[in-house]
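Below is one structure. I have some questions about it.
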Amino acid sequence: MIQHLHPETIRKDFAIFNAHPDLVYLDSAATSQTPIQVTDAVLNYYESFNANVHRTIYSIGNEATQAYEAARKKIADFIGAEDAASVIFTKSATEAINLVAHAWGRKNLSAGDEILITEMEHHSNIVPWQLTAKETGGDLKYIPISQEGELEDWENCISEKTKLVAITHQSNVFGTINPIKELAAKAHAAGALVLVDAAQSVPHSKVNVQELGCDFFAFSGHKMLGPTGVGVLYGKTDLLEKMDPFLGGGEMIKTVTMETSTWNEIPHKFEAGTPNIAQAIGLGAAADYLNDIGMENVYAHEQELLQYTLNALGDLPGITIHGNPKKRGGVVSFNVDGIHPHDAAQFLDDDGIAVRAGHHCAQPIMQKLGVAATCRASAYLYNTKSDIDKLHDSLEKVKSVFN
Amino acid sequence: MIQHLHPETIRKDFAIFNAHPDLVYLDSAATSQTPIQVTDAVLNYYESFNANVHRTIYSIGNEATQAYEAARKKIADFIGAEDAASVIFTKSATEAINLVAHAWGRKNLSAGDEILITEMEHHSNIVPWQLTAKETGGDLKYIPISQEGELEDWENCISEKTKLVAITHQSNVFGTINPIKELAAKAHAAGALVLVDAAQSVPHSKVNVQELGCDFFAFSGHKMLGPTGVGVLYGKTDLLEKMDPFLGGGEMIKTVTMETSTWNEIPHKFEAGTPNIAQAIGLGAAADYLNDIGMENVYAHEQELLQYTLNALGDLPGITIHGNPKKRGGVVSFNVDGIHPHDAAQFLDDDGIAVRAGHHCAQPIMQKLGVAATCRASAYLYNTKSDIDKLHDSLEKVKSVFN
Amino acid sequence: MAGKPGYQYVMQDIRELYQEVILDHNQNPRNFGPLESANREAEGFNPLCGDQLKLYADIENDAIKDIHFDGSGCAIFKASSSIMTELAKGKSVEEADTLFDQFHELVTTGSADAESLGKLAVMAGVHQYPARVKCASLAWHTLKNILDGSNETVTTE
Amino acid sequence: MAGKPGYQYVMQDIRELYQEVILDHNQNPRNFGPLESANREAEGFNPLCGDQLKLYADIENDAIKDIHFDGSGCAIFKASSSIMTELAKGKSVEEADTLFDQFHELVTTGSADAESLGKLAVMAGVHQYPARVKCASLAWHTLKNILDGSNETVTTE
């Protein structure tokens, strides 16, 4: 049963709203706020069992190892992965995608092979493939998007030449939720692998990597109530097992001689060096927190706020909302006619409202829309309708200043 | 003026000694404990200005950006770097070394070129070069070490063929402090670059990258009282400017079109994706903390403990101490005759003493010593002579159990 | 922001940043659009927002006879560019160099010799908004390039 | 550890791990060294510590006629290997399989059917020390490989 969230109660878990009671934070698509349950989990590591993992005999080292591996299990469960070993901790979604581009892409792609991405990707899912294409002689192709912010004619973009489809689950500009399941089926039929950039979907909806049928799945901790400095790459175990490592160092080896080395089992093969222990543990706590609230409830709450936002901004003359995808998350990009987004955002800030102004690391979309930048308001479980009312009122004020 | 440290006072800053009053922590070479000044700085980010950096108009975003860039400046000052832009935040020392192996090594090395490392390297400074040598066709050579744990005949290992010398500043097994300055001068004369693995030196002594004359310099936050999940690569600015990027994504670009991208200035060119904001800020606080105490004092304190440890263990029959380098930090590796290091460490743990047992990610040293593993006791500013006394007494007990 | 974080934004008042003069120059930029008689040109680019600038100058005998700007960007950018052209026009290269230094000090430190500032004074508020310093600086750094005879595109990072 | 962290090490007593029997097997390992009559061999490796094991077995008509181990490692490893050879010797392959299952349950859950455990019971303490489970398991997993007729080196990760 979907239940109503109580953002007012939820806000009490977030110290930032104590420090800044009037803060209207509408930039969760960039980074989310952090509940005390997460900072407590992080603190608890430093205060009670601060030790390196995996190679310690002593008690606090065992605790650290157990807590770190328990976090891996929590994340595996959170995304519906069967095997905890298929979850690799990285420093960010960006690193997760680059890991695949290096450890899989550079070994498995060659001239004539196609990497298929979309026009709505974040730079983190564009630049690694531009670099990979250049190194391997492969071709980078784009699924076009419509003015509504939806994929266009993607079925016909997949061919026998396609070796990898790398696509965002949810657009950070339009909020579009892409049809990953259908796309993965079609890609697999053509013999291609599928990487999903889930940086914007995992925090805001219930996901299941097995149902989606993807091969790789990347996301960040800091956008889902977790700490900065931790991300996740999920990969199918047989793929990960076949792949060569990415970074070399401690943890990822089985044996090292002066001449050569052999690799550890997954996931450790891909976690060279001392891992981000405290951050992984914090991310596990974030998953716990979100589970307690229920991802269906988070999604429903954001859908409600989304409609409310679209109505509120639609009421204001001279506001252009970009895109109108049928299935979308709680992200709204807009411009105020005749007012540069950075000026608008500056005035909103003066009213305590944090929205993002810029290209949102998605310059190809900006080029498509013919703007240098937009404003973007993105909601999360701690936002209320009153936040949106304040956005509405403040935008009215901005317009009056510039007219 | 060198002053005496007061470890008893210092310990009050470390919550772990409150949680475990009897903990004798002698594994700081693996990871150090974390003072409240550092966890407070991290918490302060999450509680007061939790926001993404570099692209925000709003106030808490500006604060986050300023705090993050202030941390960079603190680290630059801490290692004597002239320009904050020469400091790149990575996730670990391991990633820092791999960054150079990819972004510099794979572009600048070719068949016949030599990478020179030493037999006392940590796996993090071996495996990346094995992989780079394999990719480029270059040769990996080793400076041999003596039974004392010192470099042997290094002058004659550097030749016209040498393109890079990658060497640890301080051995994590023997404690050996290597003659980087002399070695860098000789390497530069031969036209080679010098990378210093400073994971064990930066936490324990005053370093100055300009005096050392190195080109690259890598270390980790978690070994110098900082958070996990953050490391540093220092590089000479002109080198960094000439290098291609490593990871692709947000932050590191200037422009992105569907066809191609241009790169941001350093250091951002090498910091793709949302950075480890809270961890970098925490590392800045760790540098502040160490500065307040004075690195000369930290070094002097550890030298005193080192002598005390060597005497204490030397007093016990049937203990083999590995290596005897003339210049060394506070790290002592040993075996108890007839007792496996993991058994010894298990009994020490039972007395509340945390030492490391294992190969210390330095298997080539183990092969040289002809042992599978050793015990290692490593000290830091919070350790006392009483800690060493307890180690001594507990080792005596262990010996009696097994005899 | 209400309940502003204390870091260093103590005296923020957004109308210090968006003074009437600035709003006016934003609406009615002076010396806007290409300049036919230009004998020097330079470009500027702000990678943080993607905004671009083109400067056209007619410099003869070390004097700036005329100067225009073109491009799109925020109000701070437009106003700063517009005011810059007004101030630079008719000045000698040396005088313009001095203006640049004054501007630079003003936006980085927030203080400068008040007497000599004249019209520039309206830019003082920018200093309180580190994220906007680049908006205000772009035109001035591009001017500097023209004065120095450099052809590189200015990027404000 | 004094003031032990509460995580799950509540009842730790190191003498539960290092019982007299274990210290004895460590000092005087049974069935130690190569076995001339062996018709099956298998290797084990613990990457956490680098310790290695070699098992030799003489298996005829589905019965383990003789079994030896060789290698070096910690006391837990040596004792567990030594006790394993004692228990497996003379058993049928099926019986040895059952022993393996009992051992496996014992060290992962800490509990097993006490009656049928016999000598194995001394390994119960290992369960409290997750970092040492691999030491105790190596010989058993390598035995399992021999029973299954597999040639791969066992690694305990």
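Think of it as A, B, C and D in the order they're written, each chain with its own count starting at 1.
As a working rule, contacts are C-beta pairs under 8 Å (C-beta built on N, C-alpha and C of every residue); 3 or more make two chains touch, one makes a residue touch a chain.
The structure presented is a predicted model; accordingly, all values stated were derived computationally and were not measured.
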Centroid distance [mean C-alpha coordinates] between chain D and chain A, Å: 45
Mean-CA-position distance for chain D and chain C (Å): 77
Whole-Å separation of chain centres (CA-atom averages), chain A against chain B: 31
Length of the line joining the C-alpha centres of chain A and chain C, rounded to whole Å: 37
Where chain B touches two or more other chains at once, by residue number: 19-20, 23, 48, 55-61, 255, 342, 346, 349, 354, 357-358, 363
Contacts with two or more other chains, residues of chain C listed in rising order: 1, 5, 12, 48, 50, 129, 132
Touch-based graph of the chains, sorted into line, ring, star, complete or other: other
Set of all touching chain pairs, with the criterion as stated earlier: A-B, A-C, A-D, B-C, B-D
Contact set on chain B toward chain A in their complex: 15-16, 18-20, 23, 27, 30-31, 33-34, 38-39, 42-43, 46-48, 50-52, 55-61, 91-95, 97-98, 101-102, 119, 122-124, 126-128, 130-131, 142, 220, 222, 227-231, 245, 247-250, 252-253, 255-261, 272-279, 342, 345-346, 348-349, 353-358, 361, 363-364, 367
Chain B contact footprint on chain C (complex, rising order): 1, 4-5, 7-9, 12, 45, 47-48, 50, 129-132, 155, 157
Chain A - residues contacting chain C, complex: 19-23, 339-340, 342-343, 346-347, 349-352, 354, 357-359, 363, 366, 372-373, 401-402
In the complex, chain D residues that touch chain B: 1-3, 5, 12, 14, 17-18, 23, 26, 48-51, 72-77, 129, 132, 135
For the chain A and chain D complex, residues of the former touching the latter: 48-49, 54-63, 65-67, 254-255, 264-265, 268
